[in-house]
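In what follows, chain A forms one complex with chain B and a second complex with chain C.
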Partner chain A sequence: MELTRRQSIVRWTLIAFGLFYALVPVLWVLAIAVRPRNAFTFPLPLIPTEFTFSNLREILTGSDGIGWLPYVNAAIYGLGAAVVTGVIALLGGYALGRYDTRYGRALLLVFLALSLLPDAARIVPLFLLYIHTGMYDTRIGVILAYAAGSLPLGIWLMAAIIRQIPIRLEQAARIDGAGPFTVARRIVLPLARPGVIVVGTLAFVSGWNAFSLPLILAQSPNIQPYTVVLQKYIVAEQSTVNWTLLSAGSLIGLVPVLLVFGFLQRRLLAQGGLGAAVRAR
Partner chain B sequence: MPWLLLTPAIGLSVFLVVVPYGITFLYAFTDAQLSSISSFSGAGLENFSTLFHLDEPRFMMEVVTTVAFTAATVVGSLGLGTLLAVALHGLRARTRAVLQALILVPWVVASVITGYTWTFIYSPQVGFLNTLIERLGGSGVSWLLERWLAIGALAVANVWASFGLVFLIVSASLSNVSENILRAAQIDGAGPLTTIRRVILPNIRQAFLLATLVATVSGLNVFDLIFVITHGGPIYQTEPLSLLMYRLTFVQGEVGAGAAVTVILFLATLVLSVAYVIAWRREERKWS
Partner chain C sequence: MRVSIRSLTVEFGPVTAVNDLDLEVGDGQLVAIVGSSGCGKSTTLGFVAGFAKATTGTLLFDEQDVTEVSPQRRKIGFVFQDYAIYPHLSAAENIRFPLDLAKVPRRQAEQQVAEMAELLDIGELLHRRPGQLSGGQRQRVALARALVKKPVVLLLDEPLSNLDAHLRVQMRAEIRRIQLGLGITTLFVTHDQAEALSIADQVAVMNAGRIETLAVPQEVYARPATLFTAQFIGSPQMNLWASDALDAGFVRAMGALDVVGTRAATVGIRPEHLTLDPAGIHGEVALRETLGRDILLHVEANGSRFLTLVDSQVAEGIRQGDRVGFVADAENWHYFDRQTGARLELAAS
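The block that comes next holds the complex of A and B.
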């Protein structure tokens, strides 16, 4: 669509504002994280003049830091949730995508509704369940809580993706004498793989990012993820905040997520991800 | 065969969503305490009536906080997400991909990291806003001390975290709007705003409804962000219902009352979702 000069000024002003709003907060955290601790003179220069990696090193290995363990825990939870969600969503999504029955559609609607329940709405119910079943303060409990949160959207996406795989391919394989397991392994799995990666990635990211669930469900310090542990820098005694370490710790939490989305962006946005889900309706 | 494949999914959802909510509904009508969670007796509707007679802070004040915060979030993220999606529509594919990736950065940031990030914006000492103001010769502002200013500041932070999803949903459905309709509107002399309102929005209404619902529900249940930035303070001035639920249950140990708040939030979410399904059906009928 051709734009007039005025329209294109409006367009680029909007885009510039969007970029500023989206990126400045993250850049500011970066600017604080790389500043040496003795370089805090107020008001701060907007762009740091000295750079150091010592804050990042301090957070992982120093005596004031939180160490590697909280990040490892978050990775365990993210990966665990990704595997559980990926497998279960593939099975369920296949059933709902292929056998298009009335019950199936109703069930899909129920799953869509479940996917709307945010983490915070689930902390009290899960706490009560876990207290009574002995799953409180266990790693498995945390992983299953994440997986249950990611599964509904996962199934919804998988069903949409499975519907895009031509059923003829499966029928042809059956006619050629392939059993159901061969069809699953040789036809469905390779074609559904991009979808499984999308669903798994979304589950990993929400597991890696989660805060309110582990805040409640993981009490022992050695199983808490970094999101929870970083709090110690902000609710410290005289409400002083350890700015450098908090920013360095946040930054380390951000990097994996940005990398994952950077690598998978096109796939997430285009064929597999939300595009498909929106179009499938 | 399909039911066998669905068993794990249904099992997990029932065990980790339906059952826990069932337990919570039961607890909402008991006097259970955190210290003795397994021994309690029925309390009828007492938890709910106690809520409405809370004194410091008043329950209605928390409702107002929640609704105002949610409304600001919804309006802000729908507005910004839609405008940006439209602004990026029709750019060269490569330019668009790069801009899209940059604009989506906040959306992938963990909500708790969003909270930490925005404390770095609003902080009186190292905050970006006050640093900027002081560099320009002004004097700093206490962003998080006065109730409405603080709620506004929190909403700006939450819009930051949530407009990306609106942007995605609207972008995806915009790519289904035929280029010819847009060109026709332009030939008829429609400006950008008229084009958005009269041509684009009616064409992407269903996606827009979905985005509204998602933004409303997540605003209603906001937790991480406010927990980290203000913790509901100063003196409960920015505390929404989700933090009240947390405080009653885990800080004051009144599990029954906390469960009652959970039930209220759940019912509000349910009502919104049903309203949404009805609106959706109506749209579908209109266009088919």
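The block that comes next holds the complex of A and C.
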């Protein structure tokens, strides 16, 4: 659809405002992370006068840094949550999306409500549960806690996606000689893949960025993700904040998220589905 | 393969979709099931395919009871109204899908796909995705996929409803040609009576979960067995009146039997059997519709409205508001029992 000149101006103004709102904090972190530590003086110039990668190197390998392990941990939590959420959301979403029952609809509403529940509301019960089941301070505990957090929205989204796959296709495949398992593998799975990728990605990002749950549930330093470990720059001695290293650590944390969204965008556009609808305009 | 449906009843909760239905399709025959939406025709087809669970009923392929056989083992081909071709597979992969599942060796499968593509004239489209195919082309792919595994029975559920009018006429002839060529037993479900008449060996008219009439197309049209069939088959519709709504003298003058007072009947005559004749009953033209070769006149006479179909050359010069006379031959009238709807054979005496 062609936009009028005025519509076009309004549109670009809104886009510019949105970009500014989203990008300025990120650019700010970037600007702080790449300046030398001794250049962090007030008043702080917006554009760094000197440029260095030493902070990033320090974070990963230096004596003041946090090393690779916290990032590896975050990746484990993100990928673990993505896999668990993707698989269970597909199965649950199929059941609730395909079989339209009164209880199913009620359950979906409950799931939607649950997906709005903040992490903070789950911490205390999870803590007690984990203490009594031996899951406290384990990686699998953190993964399951995050998968559980991503699942309600995941199931809700998958149910909607499954509903868009005509049941006729499954019936056609049955007639073509496919058993239930073959129908799932060769018809439902390929058609639901864009949805699984979206749900998995959302779960990955929330697992990667996880802070409050691992803060409570993962006590051992060797299983803490970077989000928790980076706190040491805030609560450091002399109650000062080490802004440059904190920014550098955050910047590293940002990279996988950007990569994932780049991948997601390309994949979805290539896959059709949601992407095709967007591209068609 | 002969297909027999025996005393089929399908209930969805309190709704009875199919009510004690019997239907026999002879080997190599094409039977069209026609009826308005909700009459149970698609449910009946679903039962033959194995989707619809019957409350009671038996399905026989020849003498073999296949009621409990799952859809994937019934060796049937099915074409859906919305085609249901797999959007993530190319046309060739769609057609090959049943062969892959049957573990047909790749080279043999490719060859069978090529044969089907030739039969349906879609050779150049094989590499395309469904999204790049038109409705008619998708329909051909769906038909090729249904036929490629050489099914014993072909089931077609409103296969032409989503096509343009001219394509529909073309495809129905195509389906008939292929069906006759392969000699495959076929059930064809449609809501379009003209389609059913044109394509079928036998037409089954369904209403409220039952088969009203099962007969060859000509018979269904010329001697409808029930009042419902008379109303449903034929376009424009048959003229029908309650016998006592018409004046006895008027009825006699029209060439119909005087059934007024003798029994509660419904009398009917097809629009093409009313011919213009100044010597006949007179009425006023209330509406004149041009149908192409023919002109449909709505004539008000004796307090009722008659539809009469006349050749456009004959109708030339007739305008709305003109008075016209028309007559009908005695043998063209139909009589139906008003209570049961059954056809009455009343000999002219």
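Everything below uses one rule, namely that the second predicted complex is superposed on the first by the 244 of 281 C-alpha atoms of A that agree within 3 Å, B and C clash if a C-alpha of one lies under 4 Å from a C-alpha of the other, contacts with A are read in each partner's own complex, and residues count from 1 in each chain.
The working rule: a contact is a pair of C-beta atoms (placed from the backbone, for glycine too) under 8 Å apart; a residue touches a chain by one contact, two chains touch by 3 or more.
Just so it is clear, the structure is predicted and the values come from calculations on it, not from any experiment.
J.: For the overlaid complexes, name the partner, chain B or chain C, with more touching residues on chain A.
T.: The partner with more contacted residues on chain A is B.
J.: For A:Pro190 in the superposed arrangement: first (chain B), second (chain C), both or neither?
T.: In the superposition, A:Pro190 touches chain C alone.
J.: So, does A:Gln7 touch the first partner chain B, the second partner chain C, both, or neither?
T.: The first partner, chain B, only.
J.: Just chain B (first), just chain C (second), both, or neither: which does A:Val205 touch?
T.: Touch status of A:Val205: first partner only.
J.: Quick check on the superposed pair: does A:Ile88 touch chain B, chain C, both, or neither? Answer first, second, both or neither.
T.: The answer is first: A:Ile88 touches chain B but not chain C.
J.: Touching A:Gly177 in the superposition: chain B (first), chain C (second), both, neither?
T.: second
J.: Taking the superposition as given, does A:Leu169 touch the first partner, chain B, the second, chain C, both, or neither?
T.: In the superposition, A:Leu169 contacts chain C only.
J.: In the complex of these two chains, what residues of chain A are touching chain C?
T.: 166, 168-169, 171-179, 182, 186-187, 190-191, 272
J.: Across the complex, what residues on chain B touch chain A?
T.: 1-3, 5-6, 8-10, 12-13, 15-17, 19-21, 23-24, 27, 37-38, 80, 83-84, 87-88, 90, 97, 99-106, 108-113, 116-121, 123, 125-126, 128, 130-132, 134-135, 160, 168-169, 172-173, 175-176, 179, 182-183, 186, 191-192, 206-207, 210, 213-214, 217-218, 221-224, 227-228, 231, 242, 245-246, 249-250, 255, 258-259, 262, 265-266, 269, 273, 277
J.: Note which residues of chain A are touching chain B in the complex, please.
T.: 1-2, 7, 10-11, 14-15, 18-19, 21-26, 28-29, 32, 40, 42-44, 46, 84, 87-89, 91-92, 94-96, 98-99, 101, 104, 107, 109, 111, 113-114, 116-129, 131-132, 144-145, 147-148, 151-152, 155, 205, 208-212, 216, 227, 230-231, 234-235, 241, 243, 246-247, 250, 253-254, 257-258, 261-262, 265-266, 269, 274-275, 278-279, 281
J.: Chain A touches which residues of chain C in the complex?
T.: On the chain C side, the touching residues are 49-51, 70-74, 76-78, 80, 82, 84-88, 97-98, 101-102, 131, 145-146, 149.
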